[in-house]
Every structure is written in structure tokens, then in C-alpha cells.
Amino acid sequence: MASIKNILLPDRHLNQVVPTNGFTTLLTFFTSAAMAFLIVFSLAMSFAADRLAQSWSDSLANSATLRVSAPLADLESQTAAALNVLSNTKGIASFRLLKAEEQQALLQPWFGPKVPISNLPMPRLISIEEDENGYDRVGLRLRLAAEVPSAVLDDHTRWREPLVKAAYRIWFLGWLSIGLVFFIVISMMSLVTRAALSSNKKVIEVLRLVGATDQYIAAAFVRKFAFRAFFGSMLGAFGASMTLLLLPSEADQTVILAGLRLEGFEWSWLIFVPLSFFVFTFLTARIASLSILRSLT
Amino acid sequence: MASIKNILLPDRHLNQVVPTNGFTTLLTFFTSAAMAFLIVFSLAMSFAADRLAQSWSDSLANSATLRVSAPLADLESQTAAALNVLSNTKGIASFRLLKAEEQQALLQPWFGPKVPISNLPMPRLISIEEDENGYDRVGLRLRLAAEVPSAVLDDHTRWREPLVKAAYRIWFLGWLSIGLVFFIVISMMSLVTRAALSSNKKVIEVLRLVGATDQYIAAAFVRKFAFRAFFGSMLGAFGASMTLLLLPSEADQTVILAGLRLEGFEWSWLIFVPLSFFVFTFLTARIASLSILRSLT
Amino acid sequence: MESVAYSYGEELLSELNISISQGSFYFLTGPSGSGKTTFLKMCYGSLIPTSGNLSVFGKDSSGWSRDEIAYLRRKIGVVHQDCQFLDHLNVADNIALPIKVSARNSLSDSVNLKELLNWVSLSHRSKALPPELSGGERQRAALARAIIMSPDVILADEPTGNIDWEMSQRLIRLLIELNHMGKTVVIATHDLNLIRFTKASVQARVLRISNKTVQLAGSDL
Amino acid sequence: MESVAYSYGEELLSELNISISQGSFYFLTGPSGSGKTTFLKMCYGSLIPTSGNLSVFGKDSSGWSRDEIAYLRRKIGVVHQDCQFLDHLNVADNIALPIKVSARNSLSDSVNLKELLNWVSLSHRSKALPPELSGGERQRAALARAIIMSPDVILADEPTGNIDWEMSQRLIRLLIELNHMGKTVVIATHDLNLIRFTKASVQARVLRISNKTVQLAGSDL
């Protein structure tokens, strides 16, 4: 399409035939910058939530604890029986008996460091790591009930669910807001273009009088808007990245909003922000201006 | 000021002298709606974070646990001594020995429900509620070390801090984004007004030719913008409220973003959203249009 | 008006010394681009002389505030060469605009409006929008708008450029009548026939702009 | 042009049967509001006849696409009654606009431009913006823009309304010269002197619009 060439190649004259209203320029530029800023933040939020959800569900979903709580006398044999059951279960990557110190560390908040746990009639804890396929929870429970009645399988679902749910909700909200912001960008660009064209009726009339086609007139307007949106969104994305870099980063990733900073390849998503602004604005402005031009006879 | 009366009283004619560009109207309306939507969401987020931080720091900051872990023989006497110390400490609102069942509930994740905890050589836990003034942590620790060496005071600071910090960060981000959105609203309204005036130079020229004062011309433009912003932001705030009401509300307030719904008197803040849009737009548009009019001679 | 000069960068008009007295009838002629429009614009405060003293209704132009210029314009009816209107209001509203802008409660004048529309033969087009008017209709509407407030001074810039001779005569008769009512009329025009026609019925003077100054032309036209 | 009619709601022109042949010189007269501008607008595709067949350069108007109208206009030079320009471009750029809009690589025509500016006596104002021009200067610039592409047909609506007699003669001589080069010229005007002047040097026909139709006026003018 010749008109796309018109838009992408610099043509001083095409830019000139349409008057520049400094305030409309600023408005487009500023809107794009603000919206790109929001998009980068939403992206960062989504990515952070995704990482968080991933790490939570990774560390919790694939692990379970088997608790064998029998009277001291039976404890060893029951534990051995439980270990035996586990070693015959498909879908378990590894399992191991927690050492006394580990158990103590887990209980420390309640008992304090000084309690000699090994002397207590404590249950034994076996930590289980699932493999990719996972094991059959119900089957394992049934077998344990039969062979090691004192064993309780705790697969952490209880803890995991609300946290992972919250993380996915943030992730969802992030993408939802990206969608919303693009919707707003498209609507605004459409309105700004239409407003610009309909307040330049006289210019359009003159251009038509001297034989300009609709394509030519539209291209002159669209170019301006697409480039403003492109540069505005570059500025906005850059500003947002700087802000993200300046945010205090915390080692503790599990605290929500601590790890808002983008990581690794996630930064490469930023390239798409100005690009998508350019494309969206280009298409929106083009459709809007051709429709306005058709309505002005 | 007569011009404020002009703006607030309906005057069909004043509205008429300025041409209505449907797209500029929609743009103002739409921007206001989108921005009001964002503001209501930010408000809700801030309020929710505030509630969350409040409830976390309330429930955790003012409470502590004293753990007395002595050999079974000394346990009762040591516990009594600890209780005695607490009753002589200023700044403690209440304290009580946790019942066996309560302790069992706390430990259930580790031991399972069947373990008869009362038979175990468990430490005794005393929950402490601070009063407003708080107690002297260091002093209490020293006294306990002297009188009940087996007692450990755990004031939950460890757990509280990152959570409360996260909640306050969300709260802060909420208000920051409200500020940002208002900044964007003001800039946009200023730009939209300036763009409208400078694309209506001919209208301004005609109005001046027939003897209109700057005040009159400005009022005609400002009215339009202020009312559009007002009604647009009403729509946006209403839409946001509806969305908030439709969000699944969860009983578990501690899950971040679960309690986004506004509560009680917080709803009354919504009135200020359209009002502040009206006032901000009115002032911004007025300043912008008078400055444009002064520049057009 | 004393030694008024105006320059857009280069000097266009210099050392004008003229006084236009209340109730007189003037024509302003001169070649295209000589400064007729500029002269009229100074009279209604659209341009401020770059030097010299210009006073209108006894007030010196150098001290005019923006609001004073607005009030001044309510006492001066102007027919602009470009005939600018508000394109979104119909002809009747456009003609009534000066009333609405200044006073806003003057139903009494609406009688005027109808008569006026008749005078300029625009009654049948009163609900049309300005872009739907023909060139001549626009000029007549501009004249109607200029006189609706019954101003003390009427400045008309080329009011008959797009109008046929019959209609021109009719408009000039309207202006002559207003002049008889004591209003000052200044008309910039190229149309010598019009000047001749007018001179037959009113004591009109002709100002000629040439070589950057305004001179009273002889009666030899 | 066969039984062309145009109506804005009410019928304005009806049953026009006219054929304007290549290379002829026409004047279009008629009272203000009679439809001269409307007639010209139909000729350059700004208005499409509400009934009847209008064909320009052998193409029927009912089948024109939007782009065809644009290309048509590149072969027709129009002087619009309102003399509209792009206010942000200077006079020279405005006059050169048709070249840039259509071809874009025509440095060869820039020689034309200077000559043209001289012809209409606008060389000294070529860097001015349109709002800074006087009424007459604008009309001359519009004429220059209309002829820069050396179109086959020149339609001029009231090209001398704001111009003094001397300058009018000069412009009409330019148009006569173009007519001698084989171009069709149609001028809408009120100025009978202009018609008389022209008839002295070229075989010009006068069309008169009255009672909704166009008639060839006798040579009695």
C-alpha cells in the first residue's frame, strides 16, 4: 500500500500540509507517555505476581509432608512402614525423613530453641517431593490408612491455595489493566484524531479543492499521531523503567510488591510497548480519519 | 465573581456561542470517566491496604507470646512466676494462659489432631495484650531472665514487619497513584482546553469582533469542559463502584486484594471524586483559556 | 487621530492626521493592499497604532485595556472584509450575536431583527447556516450584524464586493438612512459607481490612501 | 450538461441544458443568491446534481468515485469565492500546493511560481501568511493557485470582488491569454464593466442565471 510508505518515509511536505496544533501534539504525546507508564507498571506487576505465584506453587504444590504420630514404641516401625509405602508409590520424586534438628527448627516458634525435641514423643515428619506427573493422592491415602494407620498426609493445599490465588489475582489484574489501558489508548487516539480532523475542516476543504485524495489527507494526519504516540510511549516506558529500577528491591520475594522490578528477559517486553503504541495509533488514527473524511463531503 | 455565576447557572446561550466538537466532548468525557475509574480503584486499594495493615499491626503489634518451657516438674511453678511478673508489669492490658486445646490447635499442622498434647512435656504459652502505652520490652525481658529463666518473650515483630511494610507500601502506592491521576487529569484538561481554544481561533475572533470580553469567551469554554468532566467522572466513579461491588469478596481479609470492596463510610469518599474533577477542571480550564485568550490578539 | 502610523515590520501607513467627526459619511479608497483594512482595524481597536495618538470616542488607544476594547466594539458596527460568522449558529442568531454577547436580555430588539432581515433580503434564509449562504448573502448578513446594536459608528470594509448593483444601491440607501439618524459611516470600497451614487443623496467625503497617507480626495470623482 | 437540476431541499436550479466547449470563454452572471456558485461547484465535483446528467471531460458525474473527483480537480483550476488557504503555510507554498498534492516532484514548475507571483503582483508578499494578506491580495493568490497546474479549465468565482479596476483589468488579461492557449475559462461576476472590457478582446459569451435556469444573454450588454 502506497500510503504506508507515505507514513513511514520522512516527507517534510506531507507533514506540513496539516497545521500543527501544539496542544494537540502535547496531548497525544502526554497521553501516550502516561499510558505507556501505566502499561509498564502493569506488566511489572503481572510479572512479579507470576513469579510469586510460581515460586509459591512450586515450593508448596510439589511437596507434601507425611506425619507419623504413633506411641514411642511403634514409631520407628510405623515410620519404616510409611517409608516403604512411599518407595512403592509412583509419581514421587524423592522423600526423606526430616532430621531431629529440622523438626526442631520448624517448631522453634512454639517451643523455643532449648527444648530437646528428640526426647519428646514427637511425630516423625517425612517430606515428599512430587515428580512432574504427580502421585495419586487418594490412592496413597488409602494405602497409608491400610498399612500405616497413624500416618497423616498433609499436602499443604490448605496453605497454598489462598496465597497462590492472591498472586494469580494480581497477575490477572495486571493483564486486565494492560488490556484496559490499550482500550483507553485506542479510544483516546480515535477521539483525538477525530477531534483534530473535525476542527480542521477548512484545511481538508482546501486540500480537496486542490485535488488531494482522502488517502493523502489521512496520511498527513495519521503520520503525526502515530509518531507522537510512538515517541510519547517511548518516554513513558523509559520513565516507568527508571522508576522500577529506583524502587527498593527486597531480597524477600514472597512479600507482595517487593519484587516489582523486571527481571532478565522480561525487560525485552518493553520494546513492544512503543511498537504496539505505534501500530495501534497508526491503525486507529487511519480508520478514524478515513471515516471522518468520508463523512465530510 | 460574576463569571462563576455564569458558569454555574444554566445559560443556553452561553453554551451555544462556542461550537461543540462532538469528539472533543467525548474525549473530555471519556478521559474523566477513565481517570475517575482509576481513582476509585486506587482509593479502594489504599483503603483495603490500610485496613489490612491496621488489622495486621493491631493483632500482632499489641500481642506477644510468652513461652515457658521448663522440665515438667518446674513447669507449673515457673508459669506461675511468669504470670506474677506479667501482673506487675505496667503497660499490659491483659494476659492469659492458653488452654491446652488452643495450644493443640496451634500445633495441629505439625502433630495432627490426635496427639494428646496435654500429656506431652509441652511448654506453656501465655498470650499478652499490650495497652495503648505499651510495655517496656527490654525491662520485661530482664526481669523475666532474672525470675523465670526458662521464659522466652516472643513479640511477633519478626512476623509483623514485612507484612505491615507490604501493606503500607500498597497504601502508599494507592495514594501516589491518586496523586498521579489527578496530575494527569489536570494536564489533560489543560491541554484539551488549549487545543479547543486554539482550534477555534475563528470563533474567538468573531466573538471579539462583536464585543465579547475575554471573561465571556472563557466562561463559554470552561463551562463545557467543567460539566463534561463532572459528568464523565460521575460515570467513571459509578462504573468503578459497580465493579468493586461485583468483585468476589472473601471472608479472609488477610489475603491481599481480597477486601478491595469499600466499607462503610469509605463509600462517602466517592462523592468527592466528581466534585474534585469539577473543581480541578474548572480551575484548569479557566486558567488555560484565559492564558490562550491573552496570547491571541 | 493625530500623526498615527502603523507598520507591520515595514511602515504601511504613516503620519495620518485625520479627524472623523460624529455623523459624517466617509468613503475610503485606495489600491489593493494600500492599507484600507488596516486603517479600519485601528479604528475598532483590532490593531493599535505603532506610533502616534489615536483616540476613539475621546479615549486614547494606548491606554485601552482588553475589556475596554470589547466595550468599544459594542458601540462600533463592523463589516469585516472576510464576513466571519459562527458557522454553527444560524443566520438570525449570528446577526443577533452582538446583542447576546453584550446585554443578553433584549427581547425588544427581536422586532428589529425581523425588519433588519427584510431590509437585507435575508428573511427566507434566516434559519440557514452561514456556510450555506452565497457570497452576497454573507455580506448582507454581516452588514445586518454590524447595525443591529444601532452603534454610533459603522465601519464597512468592502460591503458590496460580491453584491450586484441593485442590491448594493439598496444597502447603501440603508446606510445613508442610518447616517441621517446621526451615525458615523465609513465605507472602504473600490466601487466608484457606488461613491457616485451615494454622493447624489448625502454629503459624503472620500478619503484616498496613497503613498502611505490618507488624503481627502477632491470632488472630481 | 443535460437537464441538470440542483436543489438544496428546495430546487435552486432546474433543467439546465448547456454544453461548455473546450477553449471557450464564459461569464456567469445573475443576481446574488441565484446559484452561480452552485453552478460552478457542480462543474468541479463539489456538488453532485440531484438529477440530470452532468458530464465533465466526458465522464458522467453520477459515477464519480471520491478519488476520481480528486483527480478531476487537478485538471480544473478553481478560484473559490471565499479564497480559502492553509493559514499555516506562506503564500508561495499555498500557491504551489496543487503541485505538491498531486505530483510532488516538480521543481521545473518552481520557475512558473516566480513568474506567476509577478503576474499577480505578490512577489513582495510571497513569504507572508494568508491571514496577513489584504482582501485583494488573497483573491490574486487564489487565482495564481488556480492556474499553477496549467489546468484545462479555469473556474473563477467573483475573482475581482475586492480588487480595484486596474488590477482587475490585469487579471482578466491574464485569463484572456490563458484562453488563447486553449483553456476553458468560466468567470462568475457581477461586474458589468469587466464583461464589457473582456468582450473587447475575446469572444466571450455571457450566461445569465434567472428563474432557476441558465440562458445565454444577448450581446446587448
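Going in written order, the chains are labelled A, B, C and D, and every chain counts its residues from 1.
Here is the rule we use: a contact is a pair of C-beta atoms (placed from the backbone, for glycine too) under 8 Å apart; a residue touches a chain by one contact, two chains touch by 3 or more.
Keep in mind that what you see is a predicted model, and the values were worked out from it rather than measured.
*Asks:* What chains do subunit B and subunit D have as common neighbours?
*Replies:* A, C
*Asks:* Please name the chain that ends up farthest from subunit B once chain centres are defined by their CA atoms averaged.
*Replies:* Most distant chain from subunit B: D.
*Asks:* With chain centres defined as C-alpha means, what is the inter-centre distance between subunit A and subunit B in Å?
*Replies:* 23
*Asks:* If you average the CA atoms of subunit A and of subunit D, how far apart do the two points sit, in angstrom?
*Replies:* 63
*Asks:* Could you work out how far the Cα centre of subunit A sits from that of subunit C, in whole Å?
*Replies:* 68
*Asks:* Determine the centre-to-centre distance between subunit C and subunit D, using the mean Cα coordinates as centres, and give it in whole Å.
*Replies:* Roughly 29 Å, centre to centre.
*Asks:* Chains as vertices, touching pairs as edges: which of line, ring, star, complete or other describes this one?
*Replies:* ring
*Asks:* Under the stated touch criterion, can you name all the chain pairs that qualify?
*Replies:* Result for touching pairs of chains: A-B, A-D, B-C, C-D.
*Asks:* In their complex, what parts of subunit A are in touch with subunit D?
*Replies:* Residues 13, 16-17, 19-20, 202-203, 205-216, 294 of subunit A touch subunit D in their complex.
*Asks:* Touching subunit A in the complex: which residues of subunit B?
*Replies:* Those in contact with subunit A are residues 21-24, 26-27, 30-31, 34, 67, 69, 106-107, 109-112, 114-115, 120-123, 125, 150, 152, 154, 162-163, 165-166, 169-170, 173, 184, 187-188, 191-192, 194-196, 198-200, 252, 255-258.
*Asks:* Show which residues of subunit D lie in contact with subunit A when the two form their complex.
*Replies:* 46, 66-67, 70-74, 78, 80, 84-89, 93, 97-98, 100-102, 104, 145
*Asks:* So in the complex, which bits of subunit D are touching subunit C?
*Replies:* So the residues of subunit D in touch with subunit C come to 8, 31-33, 36-37, 81-82, 125, 132, 134-137, 140, 157-158, 161-167, 190, 192.
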